[in-house]
Amino acid sequence: MSEPSTLVRAKNLVKEFSPRGGIFARRKGRGVRAVDGVSFEIQRGETLALVGESGCGKSTMGRLLMRLIEPTSGEVDFDGIELLKANDADFRTIRRRIQLIFQDPASAFNPRMTVGAIIAEPMRLAGFSRERCRERVKELLPLVGLADFHADRYPHEFSGGQRQRIGIARSLAVHPEFIICDEPVSALDVSIQAQVINLLTDLQKQFDLTYLFISHDLRVVRHIADRVAVMYLGRIVEIGDKRAIYSRPLHPYTQALIAAVPLPEPGRATSHTRLTGEIPSAQNIPSGCRFHPRCPYAMPICHERDPATVVTGDGRQVACHLVSQSLDIQPQALEPQRM
Amino acid sequence: MLMGTLRGTPLLSVRDLSVQFRTDQGLITAVDGVSFDLRAGQTLGIVGESGSGKSVTAMSLLRLLPPATTRIARGEILLEGRDIIKASESELERIRGRDVSIVFQDPMSSLNPVLTIGRQICEPLRLHLKLSRAEAKERAVDLLGFVGIPSPRESLGSYPHQLSGGQRQRVVIAMALACRPKVLIADEPTTALDVTTQAQILDLLRELQSKLHMAVILITHDLGVVAEFADDVLVMYAGRMVEKSPVSQLFARARHPYTQGLLNSIPPFGDQELEKLPAINGTVPSPFAMPSGCAFHPRCTFASSACLEAVPELASCGPNHVAACLRVTELERMHA
Amino acid sequence: MRTRIVPVLAALFSLSATTLAFSAEKTLSVAAAVFPRSLQTGQSSFAALSLIAQTNEALVGRDNAGNISPGLALKWEAVNETTTRFHLRQGVKWHDGKDFTAEDVAFTINRIVDPKVGYGLLARIGQVSGAKVVDKYTVDITTKTIFPTLVRGLSDIVIEPKHYYEQAGEQAVIQRPIGTGPFIYKTYVPGDRYELTANKDYWGGAPKYENLVIRQIPEAATRVASLIAGETQIIEEVPVDLIEQIESSGRAKIDEITTSAGLILTYDVRKPPFNNPKVREAFDYAINKPAIFKEILKSRGEILDGQLLTKSTLGYNPEIKARPYDPEKAKALLKEAGFNFKTTVPLATQSGKYTSDVDIANVVAGMLNEIGVNATVNVVEGGVWSQMSTALEMGPLHMIAWYSLGDADFSSVWFTKLGKRSVWINEEYDALFTKARSTSSEEERVKYYNEMMALMHKENPAMFLFGLPSIYAVSNSITGFGAASDKVLRVNKAELK
Amino acid sequence: MLRTIAHRLTLAPLTLLLVSFVTFIILRVTGNPVDIYLDINRTPEQVAALTERLHLDKPLLVQYLIYLRDLVQGDFGQSLQYGGPAIDAVITSIGPTLRLLSAALLLAVTLGTVAGLVAAVYRDRFPDAVLSALAVAGQSMPSFWLGILLIQLFALKMQWLPTSGSGGFKYLILPALTLSAVLLPNFMLVTRTAVLDLMNEQFVATARAKGLSRIRILLTHILPNAANPLLSFLGIQIGTLMGGSIITESIFGWPGIGRLMISAVSNRDAPVVLATVFLVSITIILANLVVDVLHSIIDPRIRH
Amino acid sequence: MARSLFKGQLKLWLGGGFVLAVVLMAIFADWIAPYDPYRQNLLMRLKPPAWMEGGSTRHLLGTDNYGRDLLSRLIYGARISLLVGVSSMVLSCTIGLVAGIFAGYKGGRCEQVIMRLADAHMAFPDILLAIVMVAAMGGGAFNLILVLGISRWMIYARVIFGLTRSIKQRPFVEAAASYGAKDVYITFRHILPQLVPVLTVLAALQVAQMILQETALSFLGLGVPPPAATWGNILAEGRDRLFVAPWIANAAGLAIILLVLSVNLFGNGLRERFDPRMRQAA
C-alpha cells in the first residue's frame, strides 16, 4: 500500500429522482431523494465498504461517483480533478480510471458477445488496437483464473462464479485505479463467494487498486473492508475504521445491523437488540432523525432535528443525537451536514 | 392435540427419497437418497448451495412438483405413518395446509396480488376447518395479531402490495399456520429480506414454534441462520445428503470435507482476521455432468482415487451424526 | 359483473328485434341495387326516381314499357305553340289530407325552372319557362320555344306539395316527403332501407298489402340469395349469370324488358390518341360485340346498330349497321394512325350502375389487349365519377349509358353544347338537334334524328355497344308486377299470394 | 388508477386531433366538394354559395381550424351525400355497429376464455394441440372469406339464416360469428399463455400448499389474475375489432358505420367520413377507458 | 420438452417450405403458369375446376368470369400479395424500429411524443386509415405498400420501445456506458442485436397480417385495381358469382389462408426456436 493520499472525495452528493410525468401532466411534487447529502473520502489503496439495507441508496451512490447517474448537486473529486465539472475529453480519460463491477454477473454481459469481446470492449472504446486488445485479453484471463480458450465462449456457458471472474477481468482491462464493486458476491453461492473475495483482495494488492465495496452482507464487509460507511435512507449514519465500527458500533442502526447478522455459532445468546419495523420508503422520509421511528433510544429531539455529523475520538463520524450528547457537543455548534 | 405423537417417535419420516426431472437433455436426478426423521417440536435445517436439491426435497414432501416433468423415483415420505407418495390427490389436498404447511422464499410472489390478505388467510380455514365466513375472519384477525401485524383487523382488507416485505412474510406465515400444522416447511423464508427484517422473522418463527410445538424444516443456504435456529442440520450437495448431525456438533466438528469447506468459507465475524478466506475450489457440478463416484471429489482437497469410483454411503461418525465420505475416519485421524 | 352485463346485452339484442315489427305476410320487400343519397327530388338517377315515385307522382304517368298515360293530369291540350294546358285529377289528396290543386303544380314547376334551385332533372323540361294557375284544377305550362317533348319530359317531374314546402321548408321535405302516391313515407335509412305504408286513400286504388320495404343490397349475389331465401319478393338488377340459378330454384321467375338505354364507350376526342378518327374506327373494329352480347349479356337487351339509339326509340335509323368485328383491320388502322401501343389506355366505368358494366368493360379491355392495345379497367366510385364528369375529365375512355325514354331528344341532347356533357362538339349535329326540337312535326323530327345518328356513326365520338336490359326477379308469390324499361319500381298493383 | 385515466383523457384529444387532421387534409387535398356535389348544370351562384359555406376559399389550415371550431360546437357539417347533418347519419349507423361489436365481443370472450383455459389445463396434450392448431388456422383466416363460407353454408346451402341485411336476431348470427373470428383465436392464445404463465407463479404453489384443488385455484386464483393481461389485450384489440366490422358489414350488408364509411369515402362525403372517424375514435377511447376502469376493479395494484 | 422442440422445428420447415414454394412460384410465374393470366376467352367463361362436372384438365382450377385461367391468375396473384406483404412489412418495421429505439433509448420528452403518437394511432383502426388513404390516393401496389406500411408502424414501435427500455436497464448497457460508450455505439452494438430475434418473429407474423390486410383492401375494391391478378381481387370477383362459380372465391380464399397460415407457422416456429416463452407479440 502506498502512502495514504485521498483518491476520491465526495462532498454533499445529492440525487433526487424526479417524479415520472407525461408531457401534459407534469405533476408537481417532491422527487425521491435516493442520496441525500453524502460526503466521504477514499484513500488510495484502501477499501471503503458501503453497507446498508435495500433501498438505502448505496447502489445509486456508486453510480453517482462515476457519473453514470448525474448527481443533482454536490462535488466529486477524483485524484484532484473535479469530476462533475470536467469537460467531455477530460472526463473520458478519468472515467477509464474508474470501473464498475456488477452484482448480477448473468446480466452484466451482452449475451451475444464472446467473452473475449466482452473483456475487450472497454479497451476498444478507449481506442486500443485490435491486436493489443487480443493480447490484453490473453493476459487478463489467467489473472482471474480463467483459461485462454474461454475467450471464444459465450457468457451463458459459464457458472456464476466464472462469470463474475469475467466481469472482474473486464473491469481490469484498461488499468483502472478505482473500482466500484456493487454487491459483487451477493448473487453467488457461499463456496464461490470466498473464491471471488479472495480474487478481489489479491488483485487489489497486485495492482494497488482502490475499492468502493457496496454490500449488504456485513460478514463479507467485515473481511474485505478497511473502512465502513453505513447508509440509512440516503444518508451515511456512521463512517469509520472497520475494527472500531464492528467492535463498538456507535449509531443505534449500526448496532442493530451488526446484531442482526446470524452467526455460525450455535447456542450464541440471541438477546441482541432487534429493530422494529422496516426501512421506510424514500418517498416519505421521517422528520428529524430519519432513523427515529425505529430507534430504541429515540429522544424528543430526534423527532425534530436532523442530527449533525460529529467526529468521535477514534476518528469516526456519526450522525446521532445520542452520540453527540454523550460526547457533550452542542449540535447547533456544528456545521450542518447539508447546506 | 399436537401431542398425538409421542416425543421420540418421528412425526415425519423420509426414507431414501429420490426425485427425477425430465428435461430437454434427458432425465436428471435432482434429489438422490435423502432420509431423515422429524419429531414434533424439532427443527431440522437443510443446508445447501443452489442446485443442491434442498428446495426440491421440500416441494416433494408435499408433492408440489409438476407431475408432468417430475417423478418421485424412490422412497417413502411417512407422515404419522401414512405414505404421502402413495396418497391420492384429494388426500394430498387434505394434508396440505392442514398437517403440513410451507412458506416460500419470496413473500411477494407467494401472495396472490389481486386478492386481499384476509381472503387468502381465510382460504385454508374455510377449506380445512370448515369455518363460516365470520368465524374464519375472526380467526384470521387472531392469526395476524399472532404473527405481529399491527392493527390486524384493518389489515384484512389490504392487498399484498400495500404491505412491506417483512409484513408480507408475516402474512405468509400466518397463512401457513392457520390450521395449526404439525409440520412447517420454511423454504429460505428470509433470503429475500433485509438483515434486520430477517432477524425479526427468525425471531417470530422461533417464538411460534415454541408456542405451537410444531416440527419445522428450515431450508437455507445460510449456515448462520441454521446455527441460530435449527436443532439438527442436514447438508446437501448435488442432490445427495452429505452430512447430518445435531447443530452444535456440526459447527464444532463437521466431518465431511464439503461441510468443513462451507464453514470455512464464511468470513469470520469475531476478532480474528484472515488474509485469505479458505475457499472451496471449483464449481458446483451441473446436474447433466455429474462426476463419477463422490460428486464432491473434483473439489475435494482430500479426494483419493477411491472417491472417483464409489458413491459414498452415509456412515455414522458420532452420536446422531452421519456423513457420506469414504475418508471420514481417516480425516478424523488427520485432524486429531 | 355478470349481473350487470347481461341486461345491457339483452337490451341491445331486443333493440334489434324491434326493428322487425312488421308482420311478414303484409309486407312486400324489394331489394334494390343502388340507393340515392337522399330522397331529394330532381336527382338525375333512376335509383332516386324509383324511391321518390312511391310517394310522389308526376302530371303525366308512364308505364313499364315507357308509354305515356294520364297521371295527376287527366288530360292536356295545346293552347298555343308554347302553352300547354293541363286538366288535373280532382279529389286527389296529399298524404296529410290536404287537397291536391293547381297551386301545387304551378309551385313545383316554377320552383324547378329557377336555376338557383339546381334541379337535376331540369334538362327533361329545359324549355319550360313557367306555370300558371288557371283555376283550382287547371294549370298552364309555358315554354320558351316549341317543345315537342314536354309531355314526355313531365313524366319524370314529380309534383310536390306547396303547403308543406311553405310550412316545413326544403330540408323537411327531403327528410320526410309527402306526396299523393300509393305509399306513405315511414322511415328512410340511407344505405339500408326505405320503409313505407300503403296509402289507403290512393286515387288509383289502395295497394293490396300494408307495408312496402325497399332494401338496398348492393351485392348481386346477396340480392339473389335474399330472394331465394324468401326475405325479399322482388329484386332489381339481376346479374345475367344468375338468371339460370333463379329460374332453376323454382321459387322465382325472371321478368325482363329492354330499356331505352344505350350503353356506349365514349372517347375523349380532344386528346391523342382519340383525336384521330382512325383510332376510334380501329377500336370499333376491335370489339366483338355479338360475342359479348351472347356470353356476357346472355343475349338479353340488344346490340346497338352503330348508333346511340335503341331500336324502339323514336329516331332510330334502321339504315345504320354496326361495324363488324375485324381485329386485323383494327390493327392495320392503328398502325396506319401511328398509334403508340405502349401507352396505357384506362377505361373508366362505374360498378353496378348498369347491367354487367364491369364485366363488359373488362371484356372490352381484354379484346383491346388482343390487338396489342394496353387497355386497363378503372372502376370509379360514385363520388369520384361525378367529380370527373363535372370536370369533363373522364380519361380517354369511359363507359356510360344514356336513357332516351323513347325519344331521341333525351339521349342525343348529351352530345350537344346544350347538354354540356360532350367533349365531342359538332356544329352540324347541334344544328340538327335544334331543328328537331323546334318542329312539331314528328316526321321531320325523325328525319333530323336519323341524320344525327348517321353523323355520329361516321364521326364515332363513342363506341356504341348495347341496348341494356332491365332484369328483375320476382318471387312466385307475387303477381301484378312487371319489369320496367325505365327502372322505376311500380308495385302498387302487385299482390301477395 | 387516476393516473391511467388521466393519461387516457389527455390522450383522447390528441388522438382526435391527430386523426381528424390527417383525415381532413387527405380528403380536402384529393377532391373539391364543389365538383362532386354540384353537377354540370350548376350555376355560379351555387358554386359561390357552396364554396363559401364550406370555406373552400380559405387556406387549408384555416379550413381545418374552422372545422374544429364548428366541431367544438357540436357541428360536424352537412352531409354532402345525404343532405342532413353528417353526425345524424353516423349516429343512426353506430347503433347497429355497436350491436354487432358487442355480440362478437361476447362470443369471442366467452369462447376464447373457455378454449384458452382448456388448452392451458391440457397443455401439450390432445385438446391443446387441436385448439392451438385451430387458433393458428383462425389467425390466418381472412374474415371476408370466412363470411363468404358461412353464407355459402348457412344461407345458400342450408338456408337457415339470412344472407345479409339487418333485422331480427337471425340477421346478427353470421356477421357476429364472422367478426368474432377476428378476435377469438388471439384471445384464446393470450388466455392460454396468461394462464400458463400464472401456473408457474409462486402464489399458485402457495395455494396448492394450502390444500386448494386445481380447479379451485384455476377459478379463484388464476382467472382473476389472467383477467389483467386479457383486458389489456382487449383494449388493444378494440381497434382491430372496429376495423374488422368494416369488412364484416360490407360482406353482410349490415347497415353500420363501416358501410357508411365506405360509401362516404367513395362518394367523397368528407363531413360524414370525418364524423365517422371521430365517432369511431371516441368509441375506442371510451372502450379503453372502460377497460382501464375494469382493470382497476380487478387489480388492486392499479387502483392504489 | 423434446417433443415441443420438434414441433417447433416442424412448424418452421412446414411453414417455411410452403412460403418458399410460393415465393418461387411468384418469381417464376412466367414459366409455371399454364396461361397468360390476363388472356380472356369468352367461350371458356366460368368453367369449373377439373374435378367438377363440366371441368376439364385444360383449366385445372377452372376459369373466371372472362374465361381467364384461374390457376394462372392465382400464381400471378402471389406476386402482388408477397410484394405488398413483404414491402409494407419492411416499411413499417423500419419506421417502428427507429421510432421504438429512439423513444425507448432517449426516454423523456422524446418517448412521450413518440409513444403518445403511437398510442393515438393505436386507438384508431388501421384498416379505417388505410381505406381513407387509399380512397384518396388511389389503389395500386405502391400506394398500398405505403398505406399499409404507415398504418402499422406503431405495433413495432411499441414492442421495440418496451424491449429497448428493458435492455437499456440491463447492466451490460450500463457497463458499456461506464466505459464511455456513446449512444450510437450502444444502440448498434448492444441493443439492436438483442432486438433481432423478436423483430424477426414479429416481422414474420406481420407479413401474414399485411397479406391479409392487402387482400382485405382489394376485396373492398381499394387494392390494386383490376384486371391485376391479386388474390383479393379474385376473391371479390368470386363473391359476386358465389351461386354460379363458388370455386373462384374459394380458390382465392384457400390460397390466402394457406399462405398466411404458412407464414404464421413459420413465425410461430421461429418464436419457439428463439424463445419458447416469448409473448404473443402480434
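Here the chain labels run A, B, C, D and E in written order, and each chain numbers its own residues starting at 1.
What we mean here is this: a residue touches a chain if its C-beta (ideal position, glycine included) is under 8 Å from a C-beta of that chain, and two chains touch if they have at least 3 such contacts.
What you see is a predicted model; the values in this text were computed from it and never measured.
A.B. asks: State which chains count as neighbours of chain C and simultaneously of chain E.
C.D. replies: Touches both chain C and chain E: D.
A.B. asks: Point out which chain occupies the most central position, where each centre is the mean of Cα atoms.
C.D. replies: Measuring from the global C-alpha mean, the nearest chain centre belongs to D.
A.B. asks: When D-E is set beside A-E, which has more C-beta pairs in contact?
C.D. replies: Result of the comparison of D-E and A-E: D-E.
A.B. asks: How many angstrom lie between the CA centroids of chain B and chain E, rounded to a whole number?
C.D. replies: 53
A.B. asks: From the mean C-alpha coordinate of chain A to that of chain B, what's the distance rounded to whole Å?
C.D. replies: 33
A.B. asks: Residue numbers in chain C touching 2 or more other chains?
C.D. replies: Those would be 219, 225, 381.
A.B. asks: Can you list every residue of chain E that touches 2 or more other chains, as numbers and ranges?
C.D. replies: 116, 135, 239, 242-243
A.B. asks: At least two other chains touched by the same residue of chain B: list those residues.
C.D. replies: none
A.B. asks: Considering the complex alone, what residue numbers of chain E touch chain A?
C.D. replies: Answer in residue numbers: 109, 112-113, 116, 170-172, 174-181, 185, 189-190, 193-194.
A.B. asks: In their shared complex, at which residues does chain E touch chain C?
C.D. replies: Residues in contact with chain C: 38-40, 42-43, 45-46, 65-66, 135, 221, 225-227, 239-244.
A.B. asks: Which positions of chain B touch chain D when the two form their complex?
C.D. replies: 59, 62, 64, 68, 89-90, 92-98, 101-102, 104, 106, 109-116, 123-124, 127-128, 159, 161-162, 172, 175-176
A.B. asks: Using the touch definition up top, name the residues of chain C that touch chain E in the complex.
C.D. replies: Residue positions touching the partner: 219-221, 224-225, 239, 241-242, 244-245, 288, 291-292, 295-296, 351, 358-359, 362-363, 365-367, 369, 376-379, 381.
A.B. asks: So in the complex, which bits of chain C are touching chain D?
C.D. replies: 9, 12-13, 15-17, 19-20, 37-38, 40, 44, 115-116, 118, 120, 122-123, 171, 174-175, 189-193, 215-219, 222, 225-226, 228-229, 231, 381-384, 386-387, 389-392, 420-421
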